[in-house]
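Two complexes come next, and they have one chain in common, chain A, joined by chain B in the first and chain C in the second.
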Partner chain A sequence: MSAYPSNLWSIPLLVVIPILVAVVVNLIYNRARLIKVISLASAICLALITLFSSYGYHWFTGQPALRPETLTFTFDPGLPAWRLALEFYFGPLQQAMIFIMSLILIFVVAVATSGLTKRQGPYMGMIFLLYASAAIIIMVNDFYHLWIAVEIGSLVVAGVVVGSGTSVSHKAALKYTFFSALSGAGLAIALALILGLTGYPNISDAIMYIQSVNLGEMSIILYVAFGFFVLSWIYAGGLAPIHPLKSEVYGASFPHGTAMLQTQSKLMLVAIGIVMLRVFGNLPFVREVMLAISVITMMLGVVMALIQTDFRWILAYLIVSHSGLVTVGISLGTTEGLVGGIFQAINDVIYMTVLLLCCEALYYFGGKTSTRHSLGLAKKAPWLGVAIILGTMAASGIPPFNGFQSEIILIQASLKAGLPEVAAVILMVSVTTFIALFRAIYRLFLKPPETSEPIVEAKVPMVLHVGLWVLVAITLIIGIYPNIVVSFITPVAEAVSLPWYL
Partner chain B sequence: MVSVETLFDKVKKWISSFVVGRGYTNMMTGYMTGELQSLVFALILASFFRIFSIPLGMILLVAVIAGIFYFAPIITTLEKENSNDLNRVLFWVVIYFAVIIAVTLWGR
Partner chain C sequence: MIEVTIQLLGFIAAAALVVIGIAGMLFLDNLIKKIIAFTLLSDGVNLLLVALGYVEGGVVPILIPGMSVSEFAARAALVFPVGIVLTNIVIGVSTTAILVALAIMLYRRYGTLKASKVLKGERR
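Moving on, here comes the complex of A and B:
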């Protein structure tokens, strides 16, 4: 290892490219073909950068960790050493998460540029900013950038929803933005309290300080900071009690926009959740609180999905519910729990995108997503029927799809931690997901149409077909070979994990 | 003394009274399943409190069972509380925040 630190080339590119694309596509506004070429090329470029980049740091000020015995700089995140830096870190976990996000971005861009007829530039700009905000949160290791990225991410979510152009979406975006003031300020207070207590803006430094210094009565500040931090976590991920606003955001956007929104949201949940676990994980009752919020979110989301009568809203509530599945694993904080939670986030993002792309395809058959009327679409579009059933099986945790692998890890982690209640809730969420989705599938696809009114049929773009089947194939491949993803997650899970005490 | 059969009949009659009109429509099946799921979830959530204190978990479990019989059907209440009305969401956020701070400080 060199004594002179050098920044990793890929990290700034993963942030700057999407921001530059957002500026450029905004400028060219409505030139559809050019926007499509630039956006697609950039999305593919981002995926390739993620895939081929080595691991390392980018620091804005200060230094990477200094190895005390040799006085050389090191990239080893497990080494307890002062970093004193505002920095980003790109490791195996970041690689897996950002690569999946880049993959989803490619399909979202392809589908959006095929379907949208106006205001393509600003909309695509928002999609790329969403990517940038999530990439920063995934890589960040200092409080300043974390806060900035969460703030930007919240505003961009509103931008993507507004881009859908209906009055419902404007209302949903406005409501969501109102709350960003509350949670953004909450996060700022939390970070200010931690900074005041430790004096370190670097997350690793702050953790080392908290663990090595007896805080005495000052530790009470940490509890208050945790309260505000949780508020921001809840908001960013759409956990209970913010879930009605988040599900409204999901339901009011274009389905491809929702695919990107839920990707950002779930990966943010993982990234912020890990920071919370590292900073506050040793405080009593912290993980219990996180676990309770996760369980309540799972329950409320899935029960509300059962009583919806529109496929888009069913998906919106299921996305919320499955966010709870992700955070259950993070909240347990054990190695198995973390592996399960992070793996669930990656799987969830993929199979929910399959279902959302199916929902997008429904727009080409007259745009009816209400389950109040039966459409008998299986005859008109058997390929769509097959894709949606496969997506449902993956979402419900049925083998051999990817959802099964992560859910079984989560169930085992819960049982191992002595929490059979949590395992029971995870099982119930899986079963209920199947019921909620199949109710809609039966009405939309399988039940013969009630009226003789012919179903409008337009040509479904080829990119939608390609996107759907590639993602279905990925759910199957990860389901059969889970180690493809788990091997990226395990080292981080082992480094961050804490034993569950009962 | 009330026989088991009589008690069963009474409970069955009481539960059936919630079903008005056709009980097998698409909407109704969703609500019925949602109601059952909510009840089980509430019971599981109450038992979850045993990790703080076993007597607390037991008391909450009994309280939830009593609450279920008193407030059923709870799915309609859940649906109302799930409103995206800003004031209502803010109300729940404040309650959550207070509980989180209280519980973590209690743990201290």
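Moving on, here comes the complex of A and C:
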């Protein structure tokens, strides 16, 4: 793999292919089999491109971030402000994140096309657009694409939620779109402020400008821009105080839709968090603000999960709570913290998808996910019971699963940064996650059924079995060999990290 | 004393639109009025961007034959904010369309556009 900054054609394919698929499946909206074939083939194709693409840049206009001859930045205070550099960067971190997302996309597409009959084309199009928006945010190195992708992502989230067709989903989508309108406008203002201050839409160029020029009183503009960025960060991940909105979105969607939504959300959190650290990391109180939001999100999410009486909603709040785990690592800003945060995002996406696929499988056993009534499913579907327990162990950070590895890195990073109270909250979240999930498992699987009514059982599709067990295997493999993923993350973490107390 | 320029007036008008838009979205109870407030907010952001790209005595950012590159660089209006405004208009229209569609669906179900009634939580 080469680091030479040639204009790589493979990078925009990760955005162009999903957009094209979204258009095509909309045109053939009622041809279920064709939609299935095109969607699955495209998802596999995206995974392969991610796996085999070279590392490097793709720039759309203006200068690339590096001069090909000297490998130095093109930043030059003498350049006119209208000289643009809109670019994508694809490196090891982007490869790891987009590959995991592609893997989840394959299973989500397979499960969705095996269960849906109506509105399949538009719904599948939304899933692919969700992928495209997250891919842009992960690879982007300019504020313009970042803002557009966040806006597209927010509209598509509403579309995926509405796909489940209930009034709860319509309400959730409306509330979420209203807030997205606010945060999207905020991000546009932040973009305008940074552009006005530095003259550069390119993130690397803007950072170079901020670091090389004494901003004096103008630094207040950076604080305002940071405020608007925080708003969009909170919105992207459903962090406190908008966690109820995001939880509603997760709870109101189909479980496989939620799997894709939470994947997009967590990877967006990482990508936007890294941009915030790079641009604003040297301002006082920035990381403290980010850390406070993260800790509050973790605690609120997990407490809300404890009081839920439906497995779907327990997962919805746990997803939000675990978003806080991801952002704690990013907010610490140290190498260990960043490795822990990014690793946690990748692990979280995998084990939460396991649990969401288990939730999807519950629909084939009568469709009840409420924990108010016991179902005694352990005898009926022992394989599902085993899968859900393994997923719970991974989510609770129990060895040898992947959740343990990332959470232990996060705890070590918190202690090393002199923040034992943050480590204690991370431990509390792990334990409470186990309690919340195991309470639901006991009710749904282990406790004898309250009624003698037989459970209406439908055949669980093979793709659901395959998806579930492949992902369980991945949680185990990453748990035993964490370096498979950590080696991709560490170089970026070292480049972005800053000492905790400047 | 601050000199009142077209750019400054643009910034003040933009700030007013943004504040009115946010207040409307937060405090108005009618869904359609909330959506109209969003369009005001969006227009405020657009005006901010346009004002940002304004150059006193500037020219359109097209290199006309006979104009030197240095003169063009000094006088041309900033092109990037205009690009962002165009994108924001498209995004604004899409968002408004989605909001109106969802409001219509909820109106058909609940028979009212009052946000306090329509968006009330349901027992799960």
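Quick note on the criterion: the second predicted complex is superposed on the first by the 475 of 502 C-alpha atoms of A that agree within 3 Å, B and C clash if a C-alpha of one lies under 4 Å from a C-alpha of the other, contacts with A are read in each partner's own complex, and residues count from 1 in each chain.
Everything that follows uses one rule, which is that a contact is a pair of C-beta atoms (placed from the backbone, for glycine too) under 8 Å apart; a residue touches a chain by one contact, two chains touch by 3 or more.
Quick caveat: nothing in here was measured; it's all calculated off a predicted structure.
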item	value
Combined model on chain A where chain B meets chain C, clash or fit	fit
First, second, both or neither for A:I398, with chain B first and chain C second	neither
Contacts of A:S219 with chain B and chain C, given as first, second, both or neither	first
Which of chain B and chain C A:K175 touches, first, second, both or neither	both
Chain B versus chain C as contact partner of A:I408, first or second or both or neither	neither
Partner chain(s) touched by A:L419 [first = chain B, second = chain C, both, neither]	first
Chain B versus chain C as contact partner of A:A32, first or second or both or neither	neither
Which partner, chain B or chain C, touches more chain A residues	B
Chain B versus chain C as contact partner of A:L195, first or second or both or neither	second
Where the C-alpha centre of chain A sits as vertex, the angle toward chain B and chain C in the overlay (nearest 10 degrees)	90
Superposition-derived minimum Cα distance between chain C and chain B (Å)	6
Residues on chain A lying within both footprints (that of chain B and that of chain C)	175, 178, 182, 309
Sites on chain B touched by chain A in the complex	26-27, 29-31, 33-34, 37-38, 40-41, 44-45, 47-48, 51-52, 75, 78-79, 82-84, 86, 89-90, 92-93, 95-97, 100-101, 103-108
Residue numbers on chain A that touch chain C, as the complex places them	80-82, 84, 144, 147-148, 151-152, 155, 158-159, 162, 167-168, 170-171, 173-175, 177-178, 180-182, 184-185, 188-189, 191-192, 195-196, 201, 251, 309-310, 313
Touching residues on chain A, where the partner in the complex is chain B	172, 175, 178-179, 182, 219-220, 223-224, 226-227, 230-231, 234, 240-245, 247-248, 283-286, 288-289, 292-293, 295-296, 299-300, 302-304, 306-309, 371-372, 419, 421-422, 424-425, 428, 432, 435-436, 439, 443, 502
Parts of chain C lying in touch with chain A, wherever the complex brings them together	18, 21-22, 25, 31, 34, 38, 41-42, 44-45, 48-49, 52, 61, 73, 76, 78-81, 83-84, 87-88, 91, 94-95, 98-99, 102-103, 105-106, 109, 118-119, 122, 124
